[in-house]
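Structure record follows, encoded as structure tokens.
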Amino acid sequence: MVWINAVLQGVLLGGLYALFAAGLSLMFGVMRFINMAHGDFIITAAYLLLALVTGFAIHPALAVPLVIVALAAAGYLNQRILLNRVLGKDILPPVLVTFGLSIIIQNALLEVFSADSQKLQAGWLDTASFKLSEDLAIGALPLLMFLAAVAVIAGLQFVFYKTPLGRMLRATSDDPEIVPLMGGSNAHIFAIATALASVVVAIAGIFLAMKTNFDPAAGPARLLFAFEVVIIGGLGSLWGTLIGGIILGVAQTVGAQIDTGSQVLAGHLVFLALLVVRPRGLFPKT
Amino acid sequence: MTVTDISPANTARNISYALRGIILIAVLALALAPMWASRADLRLFMEALSFLALAQMWNLLAGYTGLISVGQQAWVGLGGYFFFALAMFAGMPVLLAIPLAAIAAALVALPTAWVAFRLQGAYFAIGTWVIAEVFRLIAAQNGALGGGSGISLPVEIAKSLAESRNGREMVMYYLAFGIGIASVVLVWLLLRSKWGLALTAIRDSEPAAEAMGVVTRRVKFLIYILTAGVTALTGAFIFLQKLRITPDAAFSVNEWTAFVIFIVVIGGLGSIEGPIIGVLVFFALREIAADWGSWYLILMGAIAIAVMLINKRGIWGAVQVRWDVAAFPVRKILPERSRD
Amino acid sequence: MTTLLETRNLTAFYGDFQALFGVDITVGQGETVALIGSNGAGKSTFLRTLTGLLPAKGQDIRFEGQNIAGWAADRIHKAGIAMVPEGRRLFASLTVEENLLIGASGKRAGPWSLEKVYEIFPDLIAKKNNPGTALSGGQQQMVAIGRALMSNPTLLLCDEISLGLAPKVIKDIYEAVPLIREGGTSILVVEQDVGQAMAVADRVYCFMEGRVTLSGKPADLTKHQIAAAYFGAKNEGEAA
């Protein structure tokens, strides 16, 4: 029974990991761009929510949309002002610029919030659970997290395949050079893609704040999880991201069941094993 | 009659000679440092020489083969841990354990490269980071080597280098001197060999290099293994000097990769001179901003971003735009036809 | 006839390489103009400069009375210049219909719509949900033309639309030209096929080595003149 429970909790944890990964995947899909500060932006969103709710006593129902809007705006401006300048064939500038951003964000958070690890009290969400059997229960928060992940991915899928914006994003992914001949501005479309990714980053950060303890240096670990999920699922595949998240989540919880200290290590090892067996991921985009 | 030639080419040649002179004097001064420098200065030089070696290796990898690794801490850490294991459990002499630790790390790099090379570009970068994390987590799980809280090198092992404190410091200093200078010479010789042409071709244009018949994949693989080995050698020395190793210190991404990248990027990627300039700038900045705490790191991140926006080839790249100078000439220049 | 487009002394560079040397061209309202010339003569460069894909800051490109030189490509598109790029360049992950719809992103009003495009290229109706790149070359070209028309352009630029297509297919495609003119759109085509260009155009310009070497109405130009302008003066004797 403990194993079934471990798998079940892993699946739900996979929802959070899919949320970590979806933004990274989206940015790569549209502009072949990897944001090394991705995890730090997730942590920034978590701190922002914490500051609004506990620092400024703003009701969560208001604070959550505020965080989302703030991250989206920041993402748009960051792309427009900074990142668009380093996009191009040479991958070194974007990697180094976002690596530099990562260091700046971590230390700025440290300066503002100190190195103490924190967590947002989510009230009844922290404790509520649904009993499935005598020794099997699903926590309300993990369940909500998982459902949010499914909703976010379904939403992105809708935007990408059913709206004019999605058409433009896919066209940009195919052939950015001639998109201006269709009336689209590359700089704007890239920034919109980053804003959209940042909305997902904000949602991921909001759940992270409620789910676990975090500190200013917690970003890189989230970048690594997000990256592993994207590779496992297959580059550019949104639903693959959910599957990848579940695989990583289950690997970690089952690993923790075998040996408490091995949760993260087990996830990394399963990732590396899958990388050897399926280098293009489980659902590669053709 | 002598005619003063003030053509740009001649100016560049004069600057190049001057640079070579300065470097020669600096190397001599460093070689004699134990005679004139204070204990604190020597420690600083040791650290700078270690970082010079790490920076030369990262630059060889990223600047010439285009493999951007943010997981070099894997090799620093493995070098350190292998050294501790060999010295403590195999009872090996320190001066033998250090190179053997490097060789052991290079052997680990073989399967690692096989896995990491499945990823390209920025994904390779993050992949190397994952691998470094795996090593860190394994080290943290290893009880014999102290697990998460780490382990200290027994005093008798340190004393085996030399009985007196001064003697030990002398040995350590010359180890650092040797590693730092050797890293520069190694890269220089490599670039002057037939490999150099291949590496420069890959740096300038990978497709063109492929077209010229350079097997870029094999070159990249071998350079990856080589840099892993030398980085591990440096790591083994660093932790001999520190006398204590913990997984977090050994596999620190900030210390062994972020700082190193900063050094190379600001000094100038894809040149031998760049990392040297970068080390000077990095340590000067650190002396000035030591008390700024996290603001110092924020400044560093901002400078790295600024370099990428202004000139991707850093300080040395900016110098070369003005003058065609080289302190370490690696190009094979065809002899000019003699004019009668 | 009112002038729609006029370039004065237009130059273009690829890095240090100069590709255009002072090109003066006009296109009138409702006119169809062809640019002919051999490979590398500068015709495509000229089109890329008009669309803003190549920088033209500080130059003189009058379109409907405004100087559009230096505008971003998307702004020029919204002002009413659409282009059918060389090699068609359909978006691989978009269906035929999505490829057409994306052309309408600028939201300009005018006669063109999905229905209208399907009317002149009925072959596309059955394929509208296929990926754009899964079509034959001719059909892909129809999508590329339709995609440009969807923006309701005042001026349509066509870059080598007959390249690599069978004669029968080229004929089908050029049959659409009169239908496009009916809507009031002016057309500037780049063609290596001189016969095709002469048949369709009101006026032609011949390019050689980045300069205009000849211009006029097709009926007024002799074969001799064209050959000289196309291949250069030293071949004059052979052409005659």
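Letters A, B and C mark the chains in the order given here, with residues in each chain numbered from 1 onward.
Everything below uses one rule, namely that contacts are C-beta pairs under 8 Å (C-beta built on N, C-alpha and C of every residue); 3 or more make two chains touch, one makes a residue touch a chain.
Given the structure is predicted, the values throughout are model-derived calculations rather than measurements.
Q: Taking each chain's centre as the mean of its C-alpha atoms, give the chain farthest from subunit A.
A: Computed centres place C farthest from subunit A.
Q: If you tally C-beta pairs in contact for every chain pair, which pair wins? Let me know.
A: Answer by contact count: the chains A-B.
Q: Quick check on this structure: which chain has its C-alpha centroid closest to the centroid of all protein C-alpha atoms?
A: Given all protein C-alpha atoms shown, the central chain works out to be A.
Q: Suppose each chain is reduced to the average of its Cα coordinates; what separation in Å results between subunit A and subunit C?
A: 45
Q: Using Cα averages as centroids, what's the distance between subunit B and subunit C in whole Å?
A: 55
Q: In angstrom, rounded to a whole number, how far apart do the mean CA points of subunit A and subunit B lie?
A: Between these chains, centre-to-centre, one finds 33 Å.
Q: Do you know which subunit B residues sit against two or more other chains?
A: Nothing qualifies.
Q: Residues of subunit A that touch two or more other chains: which are they?
A: Not one residue of subunit A touches more than one other chain, so the list is empty.
Q: Can you tell me which positions in subunit B touch subunit A when the two form their complex?
A: 62, 66, 68, 70, 115, 118-119, 121-123, 125-127, 129-131, 133-134, 137-138, 140-141, 253-254, 258, 261, 265, 269, 293-295, 297-298, 300-302, 304-305, 308-309, 312
Q: In their complex, what parts of subunit C are in touch with subunit A?
A: Residues 51-53, 72-74, 77-78, 82-83, 85, 89, 91-94, 98, 101-103, 105-106, 147-148, 151.
Q: Please give the residue numbers of subunit A that touch subunit B in the complex, ascending.
A: Against subunit B, the touching part of subunit A is residues 33-34, 36, 82, 85-86, 90-97, 99-104, 106-108, 110-111, 220, 223-224, 227-228, 231, 261-262, 264-265, 268-269, 271-272, 275-276, 279.
Q: Along subunit A, where are the residues that touch subunit C in the complex?
A: Residue positions touching the partner: 164, 167-168, 170-171, 173-175, 177-178, 180-185.
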